[in-house]
Amino acid sequence: MKAMKNDLPYHKSGIGYRRIFFISIVIGALLLINNFTIAQDAKDSSSLSAGQMGKLSFTMNLSSLVSNGARSVKVQVSRKENKKTVIVNDVRSPFNLYLNEVKAYDASDGTGWIGKLNLNYEGEAVFVIPDDFNKLTAGLHEYTFIVKMDSDPKYEDAEETITIADAKISIVFSGEDSVKSATAILTAWKDSAYIPVPEKELKLCIKRTFNFLLFGEAGALTDSTGQVSGDLPMDLPGNTDGTIIIFGRLEDDETYGTVEGGISVPWAILPKKNPVTGRTLWSSGDNAPLVLVISSVVIIAIIWGTIFYLVSLLIRIKRLGKSP
Amino acid sequence: MEEELNKPGIKTNRKDFLKKGLFAGSVLATGAVGISSLTSCSNNSGKKIKVLTADGKLVEVDSNVIIEAHPCCAAPAKESRKGIPGKKFVMVIDLSRCKHALKCQDACQRYHHLSGMNVWLKVFKMHDAETMAPYWMPKPCLHCDKPPCVKVCPVSATYKRDDGIVLVDNDRCIGCRFCMAACPYSTRSFNWEEPQYLSETKGAVYSPELGFPQKKGTVEKCDFCPDMLRQGKLPHCVTACPNGVFYMGDLNEDSVSNGAETVRFSQLMKDKGGYRLNEILGTEPSVYYLPPVNRLFPFKDVEITKENTEETK
Amino acid sequence: MEENKKAINETEAVAMLHQFNEDLLPKKFGKIGKAWVALLCAVFLLGVYCYIIQLRRGLVITGMRDFVFWGIYISNFVFFVAISLVGSLVTAILYLLKVSWRAPLTRLSEIIAVAAIIFAGLIIIVDMGRPDRVVNMVLHGRIQSPIIWDVMVVSTYMVLSILLLYFPLLPGISFCRDHLKGIPKWQKRMYTILSLGWKNKPEQYKLVKKAITILSVMIIPVALCIHTVTSWLFASTYRPGWDSTNFGAYFVSGAFLVGSGGVVAGMYLLRRFNPSYEKYLTNTHFDRMGKLLVLLAVVYAYFSINEYLIPAYKMKGEEAHHLHELFTGYYAPMFWSVQFFGMILPIIVLLFKRGRRPFPMFIMAVLVIVCAWFKRYLIVIPSMSFLPVQEIPEAWKHYSPTLMEWAITGGSLAGALLVITFFIRYFPIISVWEVAEEKGVSTDIIYKHLHEGNEK
């Protein structure tokens, strides 16, 4: 509770915040009980307590991502209200994730219950499948993920399944110094080996801060060898060490989900450095322009020096008064 | 790097929650699933987790620092003065696509828990002269490179970071409102009274990167959502706009993205004739506008709603 | 008076000194005085009460909003800073110019300056959203910010003004200490402490004179600075009406005008309620001050014309909007009456000798002061209102101060008057030794006899 107290925004200013403080303790306690789900719709949920009305139903939307072998599953939760889709982010009970079947965790092959988690404020939750599982389930080439939610006071129980076949994307480069092209190859597990997948829309991407920049021909489909290639832009700024992450990406495929695979290459130009923010009028106090600092210090020193001298005159006057 | 990520203002109570509430899988708030934000793997035993930082590096951090709620990635006040290393954020607003849907504003209000009176992102009806055609213009803080607002602040409560963002530290502001006088774009608002949504943001630890909980008697404004940027995610207005009006990106990477498409910044400027507001003032904004040519939507006049609907005191 | 200057013999001079001492000793207030103090106290306390409410509820109790975010607190601050400039004008400038009639006016103008600058400092704290964080200005101060310059220069000016008030006051305090009979103990103790053991020694006088000369030289640039820097708070922004290079000179000239008006009004009231002052604050003084006022008003008119005419010639976008509101729009009645009553009418009236008699002078001075207050309002507020900004509630577009705001502002004005009033009650408002010196009494005689009581 101590930590909570320090968080109070008005705790220090003192006037009339005692009430807020008290209320916040109560709220804080509630929050603790509720696993810190921020009670955005507190009013809603209390008026809709299970006894009075039926529970609400919602839709779960599952998607899968395989990124250089790392697997994750995302749940997006929404529901229809007056024919509008609204985000659901106030589900209180956790979502459970199972692999292949709904049962307790089976340590021998990694199936069964994997984990649980709560929705974030955007009504989403992402399961990142731990590395260990990937090792355990290395023999598996088709994954069925089941997400289950039950016994929430406001919402109906729900279950959703997604089945993903195993696929991966690798990327190779060719060409001279100035002209380079990248080729992404999409392969999927069939019977006993990874074989190329034709006729899929494979995107060639460069990783950027917020998203990926596409290059090559837009909407290109993989050929019979599962390949798509495109010329790399060579004038693009990359990371500070001149590297850039290039990858191929298959998006929201029915069979494979989203698959991406890529590699970091050193062919970008160095990004511009931010100009070193020196002593400017808009920098912090310690970084004030020297002219300004020196001149003001000089002026202040002269004036206040004189003031102190004047005060010393007062003291001398007092001394003179004491001496006979 | 690890230092950086370990710091985000998370208090003990949240850590406890994490230990209790989660078994496997870190809970990352992700808008777009992709390498961009998600090349992360968790390890049950070691409690270490790999996270892709905003500048594209994979780092291993203690899984405790990753928390479920939105405030997860805001740096504390001192850290927030530095900015995200190597970045120089720019925004591009395509005026030809705006139809005054106000979704950007709604999202901004919601995620920053703003009361109805303090609007960070405004959408103006531009109709400078009878002879000109009207159009809509969203206007956030322009995060000027030579910000007049920062120049005048007596206590460095508002500051310019190396990554181009101008922030306000709510814990330091003395409420003199000089920055409001100095900003030529009228982007700043003031908390004239106790902010309304205190209870909603109760658990949150204030950070200038978060912008909430608001505090009475201090100034606030659009902050480019640095907590999102730290996670490599787009600001709320960008993701909320149904028409892809807003692009956000890193000038050093020469790319901007509106969520649906990512383009090269220089190319966009060249193709569409980008410009900045009031260049004559010398403030050098970080927000660029694309002129309202070949508009996607016919201009439909709407009474500016905020004007009458909000309660006035 | 000037003919007295040379031919003054010792006995005459001593008699004169005794007379001065008798006339100028602070006196207890009569009924009117007490009623005046009670009124001021009431207004002041009301202001304090409203300020406490403001502390609790925030600045929401004012009429200010995001659109017009500075209101009468700031215009009142500018007013206070302006009026405080008079201290330096009368005490320092006239002193250095060796103007012969300044002595009886110095202390009055200096106490006006001190009271005004103190309340300027207070009202700016009142305007702050987080007064609890003033200390941040010291902890995190940025030398780049005009506010920090303002804080430094205002506090420097405050100290200098207090010193300039205090040094010449020392003989007066010690006289009160020794010769005021039947006063409460605390008052006696106050005199004892403040007089610093003054013994009327020539050496002490020498030090005092030295200090006055230093201060007079130093206070002039600082005084010009306070108002110039205050004008920069506005001029350093881009807003129409503020974005002006003329602002420093414009503010300073206006400040001299209102300050002198303040001194004239003070002179008149002193005479009115204590006829024995009439000997010292003579009609000649009024006449001279009247001429000075005309000069200052003309200078002010010159800068005002500069300030409005050229922008009005160019009519730059927003500027045009602003000027239209002032010249013909919402603020036009206030604007023109302020220009007329606060500048043109005083110039006309005071040009005539009959206009420079005490009573008409007093009326003009009051007009100047009141108009100066509203002039500050017109400088601060219209620059923010009426700009074509959308998406804000209609009520935010027009600023009108709330009652609470008026009460707090009124409280600050009452507080400043209260400081002046109490000063007059407890300290000699006219400096005996300076007046005597000005009348040609030799310094030796002053040093020897000033301190003699005349209670025999």
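Chains: A, B and C, in written order; residue numbering restarts at 1 for each.
Keep in mind that, in the parts below, a contact is a pair of C-beta atoms (placed from the backbone, for glycine too) under 8 Å apart; a residue touches a chain by one contact, two chains touch by 3 or more.
On a predicted model such as this, the values are computed, not experimentally measured, just so you know.
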item: Chain pair with the greatest number of C-beta contact pairs; value: A-B
item: Nearest-to-centre chain - CA centroid comparison; value: B
item: CA centroid of subunit A to CA centroid of subunit C, Å; value: 60
item: Centroid distance [mean C-alpha coordinates] between subunit B and subunit A, Å; value: 15
item: Separation of mean Cα positions, subunit C and subunit B [Å, integer]; value: 47
item: Multi-chain contact residues (two or more partners), subunit A; value: 281-285
item: Touching two or more other chains - residues of subunit B; value: 148, 151, 156, 216
item: Overlap residues in subunit C, where contacts from two or more other chains coincide; value: 140-142, 144
item: Residue numbers on subunit B that touch subunit C, as the complex places them; value: 117-119, 122-125, 148, 151-157, 172-178, 180-182, 184, 186, 188-194, 216-219, 281, 304, 306-308, 310, 312-313
item: Complex contact set, residues of subunit A against subunit B; value: 3-4, 6-7, 9-10, 20, 23-24, 27-28, 31-32, 35-36, 38, 40, 63, 65, 67-68, 70, 72, 74, 94, 97, 114-118, 120-122, 124-132, 207-214, 236-240, 245, 247, 249, 258, 260, 262, 271-274, 277, 280-285
item: In the complex, subunit B residues that touch subunit A; value: 11-14, 17, 21-36, 38-44, 54-57, 68-70, 81, 86-88, 111, 146-148, 150-151, 156, 159-160, 162-164, 198-200, 202-206, 213, 215-216, 229, 232-234, 248-255, 257, 259, 262-264
item: Contact footprint of subunit A on subunit C as seen in their complex; value: 55-56, 132, 140-144, 149, 152, 156, 159-160, 163, 166-167, 170, 196-199, 201, 203-204, 207-208, 210-211, 214-215, 218, 222
item: Interfacial residue positions of subunit A with respect to subunit C in the complex; value: 13, 15-16, 281-285, 288-289, 292-293, 296, 300, 303-304, 306-307, 309-311, 313-314, 316-318, 320-322
